[in-house]
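Below, chain A partners chain B and then partners chain C, in two separate complexes.
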Partner chain A sequence: MTMIRIEIDGTEAQVAPGTTVLEAVRALGGHVPTLCFDERQDPFGACRVCMVGVEGAPGPIAACMTPCRDAMKVSTSDATARRVAAATVELVLSELPEPPAAHTELATVARSFGIDGDDLRWPGEQHVREHDERHPYLALQQELCISCGRCVRACDEVQGAFALTATGRGLHANIAAGLDQGFRESTCVSCGACADTCPTDAITEISLLALAER
Partner chain B sequence: MSERFDSDVSTTCGYCGVGCRLEAHAVDGRVVSITPALDGPANKGHTCLKGRFAHGFSRKRERLRTPLIRTGDGSFRAASWDEAIALVVSELTRIRDGAGPDAIAGLASSRATNEDCYVMQRLMRAAIGTHNIDNCSRVCHSPTSWALRQSLGLSGATGSFDDIEAAGAAILIGANPTEGHPVAGARIKQATLRGLKLVTIDPRRIELSDYGVLHLSPRPGSNAAVMLGLAHVVARDGLVDRAFLDARTDGYDAVEDLLADYTPADVQRISGVPAADIERAAHVYAEAAEACILWGLGVTEHRYGSEVVRLICNLALICGKVGRPGSALLPLRGQNNVQGSSDMGALPDTFTGYQSVADDDVARRFEARWGVPMKRERGLKIPEMFDAAVAGDLKAMYIFGEDVAQTDPNTTHVVAALRSLEFLVCQDIFENETTKFADVILPASSFLEKSGTFTNAERRIQLVGAAIDPPGDARTDFDILTTVSAALGHDMGFATPADVMDEVAQLTPDWAGVSHARVGRRGLQWPVAADGTDSPILYSSQFALPGGRARLAALPYKPPGSEADEQFPLVLVTGRRLEHYNAGTMTRRTHNLELMPGDWLELHPDDAARLWVRDGDVVSVRSAHGRIELPARLTERIEPGHVFTAFHFPEIRTNLLIGSSADINTSCPEYKVVAVDVRPVAEQASRTPAIAAAT
Partner chain C sequence: MSRNLVEIVRRHHEVGAPTALAVLKEAVQQRGEITDGDRRRAAARSGLPEAAVHGVSTFYDDLLQPRGRSRHVRVCTGTACFAATADEHVAQISAGLGLELGERSADGEVSLAETVCLGFCHASPAVRDGDVVDAGPGVVARVLAAATQPAAEPAPRSLLADGPELLARGRDWEGLARAVAQLTPAALLEEVKSATVRGRGGAGFPAGSKWEFARDAPGERKFIVANGDEGDPGSYIDKVLMEAHPNLLIEGMALAGYAVGADHGFVLTRSEYPRSKPLLEAAVAQAHREGMLGARVLGSDFAFDITIVEGAGSYVVGEETALLACLQGLRGTVSARPPFPAQRGLHGMPTVVNNVETLCNIPVVARAGAAYYNELSPGAKTSGTKLVCFNERFARPGVYEVRFGTTLRELCEEVAGGLVDGHAIKALQIGGPLGGILPGWKLDTPLDFDALAAEGCMLGHGGIVAFDERTDMRALATHLLRFGAAESCGKCFPCRIGLRRGYEMFAGGAAVDRVKLEALLETLELGSLCAHGGGMPAPIRSLLAHFPEELGLAA
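So, the complex of A and B:
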């Protein structure tokens, strides 16, 4: 197998054909923030938070979807890429009625960009609180959903229950179990893979709702 | 994540034999959440509703928190540990001195750790002086263990779950993994979506059948005919790997002669499987470059279960599909540590690593280590223990982590045996059907409260870590068993479970390089060489039998021990549901009970119409051994003539229906074929359909 030579933030590396830029960065111990990515699922490329700069490219590219090419030079600190990604995260936060809980991936990503949820540049319409706690273990908090699709893909690609779908459009996009009749009445097998992958606690465990953040 | 929790402990799931690695998160001494470990080799960041959610039982009010001693009026009173252990020691000593050590028997648990099981068998062998030690794998996969040793050499899967993704085709027989082994089931389902050609063989059309290329529904008890039919087609159509057979196996000539009698037409007559499906299934398996065979208790829990496992080995050997990535034989082990409890010598005929108690060199090694002499004759298997108790020869039992009065077959006989004992010690986490007959109950610990190792269905030894402490005065099983042993005069000298594993490594060639430090986060698949090298794939160059050659077995089909007749016209098959686990001791004490509050009998609509049973009606199910009642649910996933239920609910007591018919080589009960009569009960006039509707 012919290996591909790339350079990431000035460090040269050899990777196998098919390796994505994100995989290469992480293999070298580097960091690129992500929201819709989960290593248990195929890359999705929806959130545009994993943007990096590539020498010679017309603009930043999504690291999770881009295969490494020979002689590629990647910059994870590229100013344009960071600006685009930060703006994306700010827009995502602007739709939430309250800042994400500190332990969530979304909060961690926002912190990595230095974004303070109380001081957003583009305030606008926000999701309306809507909770479904009919399942004995799983809670659905629609207002926290950022439409990253990770829960749907976990259900399809990890468990294979095909119970979850995205419904609605734009600000009104929501996650539905089955034909929106709730987890218990859908084909859900209660494996919890959706709650495990959710970066915002839009799907979480009932037992954790009351647990105080420390 | 961890700022919400007091502690995060990596451990291994205590439910089925898949062996998911988990992270247990605790607050104020309670587990509040469990998440899958991303680096778990078997689960790869996934787990099921049992592993993830069913942990609430660990702090249920009815957990045993203090030792209990039976009083004169038959009730139990709380006692101190000193008093309870003193009573155990005085009674066991009295019975041993009066009737001899073989009047005492012990059961270890396939839910307990390797270290617990090792300590339990050493307690029976060294502190008591008997080989009367067995474990619950007797009633599930003992036929698998026996047959794999006969055919290939070692008692374990030849590969790993990773082989499923590396295979082009797979045969799944007598297992329903999306319910019984959900994470393995999910991996198989995903593999089919990526192109794995799956053949399912089961009397029920299981969920995975919908994702496979072919489903075969043989009559219960006819698995042997199906396996022989597949081998017949392989031989007839020139799909035999002759080079592999010649270089690495013995016994094919006799098998070839036998196969002549199992044409697809013959097999159709015996099993009900269409001849064309036998032919196609054989080609799917044999023509794939790499292919796996997976099986569960639908193969083993039969009168000739161990022989069917040998026929499965035959098929793989004839096609040369053993010992390579993607070509593996993968038994789906039922409980979390079915593999390990037997590996640890909690068996009446073997020490650790299946070393025979009759082998003088082996026995001398253990005698030297433990400082006691031992017999060279094997002890009693579980069913023999009950027979001996009823006969009055067995007078005391020490039952650890097993509810035999619910889970073993022929419940009436088991209860009679327990009643016959002079003294019964139960060591468990809850009172159960068996503890009702106990003289002393010792409060023990669940898998969330102890440390040690479990060995999963891939022979992978994985660390178990204590996420919380046992409740009240309950103790870890390691602590209880070593304390009892010392009180009986045999101090094992172990300070921690890690010390136990060090002794196992010293006494067991296949475990020579195992230590808790080496097991680490990734686990080790035995055999483990002294330098720590483990064995994800067995038999890549030779088999673990004399000459390095596998043994094919020329075994014909024989009819099962129980068959439908005039009096009992339907065949009952028993199995598991997704939401619950075995006796239900743990899952029924969690919110899983909301997801599945009770059981039902699956019945084909054609049979239901003939019996005047409607969906939801309560029916009586009667066998030659007993009778139960439960609601019926109509489904076309089961073949006409067959009915199905699980055994998770003690109030239903499914095992009252099961007789004493058992595997001829291992005494594993025939849970999977019971002739029964089904009819509606408590009929009111309004429930009876009009004559026109019933004809």
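So, the complex of A and C:
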């Protein structure tokens, strides 16, 4: 197999054909933030937070979807890529009625860009609070959903239960279980893969401790 | 696009099952709205999981807008209708019927919805009452009196009277006859590549290269898909081609199938053009009778057939990956490429997706050859000819076949006769909502891909919408961003949230912070997954460059 030679932040590397830029960066121990990416799933290309610079390219590219090409020179600290990714994270925070919990992936990514959510440049319409706690183990908070598609893909690609779907479009895109009558009435098998991958706590597992507190 | 769902769709298609979208469309036509029972039936008949069907039912306009039992009125909010009335026709009809957009009367009899766009831009404003599209002066009164009548369709005209150009001939099947009798598939592909047929849907990608990728891609079957989802408000070129010249499209698709090794083609038409599907189906049936389609095309060993599928109201479905999702009855969201449709398209098989006008260019190449085609627009960078269309503000609106390189001044003043009633061209929007806005003082720009790009504009699909001196440019920015936000497929974050934020910056009437606006536009341009989020900033950039004093920018 002919290997592909690329350069990431000044370090040369050889990767197998078909390797994405994100895989190459991570293999070299580098860091690129992501929100819609989960290594257990096919890349999705929705969040646009994994933007990196490529020498000679007209603009930044999404590392998760871009295959490495021979002689490609990637910069994970490219100023334009970082600016666009940071602005996108800022937009995501603006759609949530409350800041994400500190332990979530979204909060971690926001912190890595130095965005605290207090002084957003583009405030506007936010998601409406709507909670579904009809399932004994899985809770859904619709207002925290950022449409990253990870839960839908976990249910489709990993579990094969097809209990979840993306809904709506534009700012009103969200997710639903079954015919929007909750996990319990859907084909959900209570595996918890959706809650496990959710980067915002929109879907969480209700623990026995939490149940005891009620 | 979920590979599992695509495989489910493929297997059910093979045994003749309808798509979930087709079943849902049927339900809404029969009962005026979709119930969970309809969703369960659609899941059972299509094989798609119930959740996925629910997702489809919340994506398309046609499935979301409740319909009145006796009357469903859809008012066009396209850019040409905005240019004609500044959206006053919308307010008048809404007030007259006593219904908001998207509302059904309490007794369930009458409903009002918006639609973008009906393709009657030559006679704006346009309103669809059931399946009757009425347009032009007096339309509001006729809608309110429940006395709508069909508006006249535009007559396409070619300004190239001296040869076998695209519109004047092409009903004779000569290109297909010559290809099947005299050319190998490889020779036809070479001819199309030599003719450098650039895609007419907006991106300008060479059709021959797309065909070559699909021909060389491994796959047990291959497909040709005609993109008839001409969603650009202000454009009605594909509508005219599909409805007045369907044979040209059928011939172009068969030629593509011959070159690529595909035995089946699909046309995705728009539900906003209710005549397209029946007219194309009639033309396909006629082509079968004439031996131009079927198991032995023109008596040869080449087999080709065509299926017509109608969409359900979504602008982004014009993007090729979203179009394939819609054809398979799934949510019309965009997928990142690679894989390209030429590698993994419809039902996971190698697929050529070409715009309708692009395919309509192929018979000329097959009949007269690449050398002839390359000379059709002397001195221009692009080969062949272009169809352009003009909106109602012009004295002679309609669809015209012209040569590339013609200046916009010649087009606007000589071909379309300037504006009506002595109005002046304040600006033009060319190529749809993702195209920049050319101020009236730059009409000497030639009509071609590169020349327009140099002005921050694009040829797009060739729709030319003129705004006269009365147009409020802040209202135009608001109009465009409202459309952009409503049509965002919701997949990539910059477009999903950013277009809504752009709309909110203009809609409230507050002063717009230019620095924040430009940072938002950059995020959309560089961050978006497809040309919708990436292109919507173009007209806003033009307005910032040419009409900043009208935008209400903060001091």
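We adopt the following convention: the second predicted complex is superposed on the first by the 207 of 214 C-alpha atoms of A that agree within 3 Å, B and C clash if a C-alpha of one lies under 4 Å from a C-alpha of the other, contacts with A are read in each partner's own complex, and residues count from 1 in each chain.
Operating definition for what follows: a residue touches a chain if its C-beta (ideal position, glycine included) is under 8 Å from a C-beta of that chain, and two chains touch if they have at least 3 such contacts.
For clarity, every value in this text was computed on a predicted model and none was experimentally measured.
Chemist: Scan A:W122 for contacts with chain B and chain C and give back first, second, both or neither.
Modeler: In the superposition, A:W122 touches chain C alone.
Chemist: Regarding the shared-chain residue A:G59, is it in contact with chain B (first), chain C (second), both, or neither?
Modeler: Touch status of A:G59: second partner only.
Chemist: For A:E205, using the defined touch cut-off, is the partner it touches chain B, chain C, both, or neither? Pick first, second, both or neither.
Modeler: first
Chemist: Hey, is it chain B or chain C that touches more of chain A?
Modeler: Looking at chain A, the partner in contact with more of its residues is C.
Chemist: By the touch definition at the top of the document, which applies to A:G160: first (chain B), second (chain C), both, or neither?
Modeler: Touch status of A:G160: both partners.
Chemist: Looking at A:Y137 after the superposition, I want to know if it touches chain B, chain C, both of them or none. Which is it: first, second, both, neither?
Modeler: The answer is first: A:Y137 touches chain B but not chain C.
Chemist: Do chain B and chain C touch any of the same residues on chain A, and if so, which?
Modeler: Common interface on chain A, chain B vs chain C: 157, 160.
Chemist: Which residues of chain C touch chain A in the complex?
Modeler: Touch list, chain C to chain A: 2-5, 36, 39-40, 49-55, 58-59, 314, 331, 333, 335-336, 338, 485-494, 496-501, 504-505, 516, 519-520, 522-523, 525-529.
Chemist: Touching residues of chain A toward chain B in the complex: what are they?
Modeler: 39-40, 102-103, 136-137, 157-160, 184, 189-193, 196, 205, 207-208, 211-214
Chemist: Considering the complex alone, what residue numbers of chain A touch chain C?
Modeler: For chain A paired with chain C, touching residues are 35, 42-49, 51, 59-60, 62, 65, 67, 80, 83-85, 87-88, 91-92, 94-95, 121-122, 124-125, 146-147, 149, 153, 156-157, 160, 162-173, 176-181, 186-187.
Chemist: Applying the document's contact rule, which stretches of chain B touch chain A when the two form their complex?
Modeler: 1, 3-4, 27, 32-33, 35-36, 38, 44-49, 52-53, 178, 182, 186, 189-190, 193, 578-579, 591-592, 594-595
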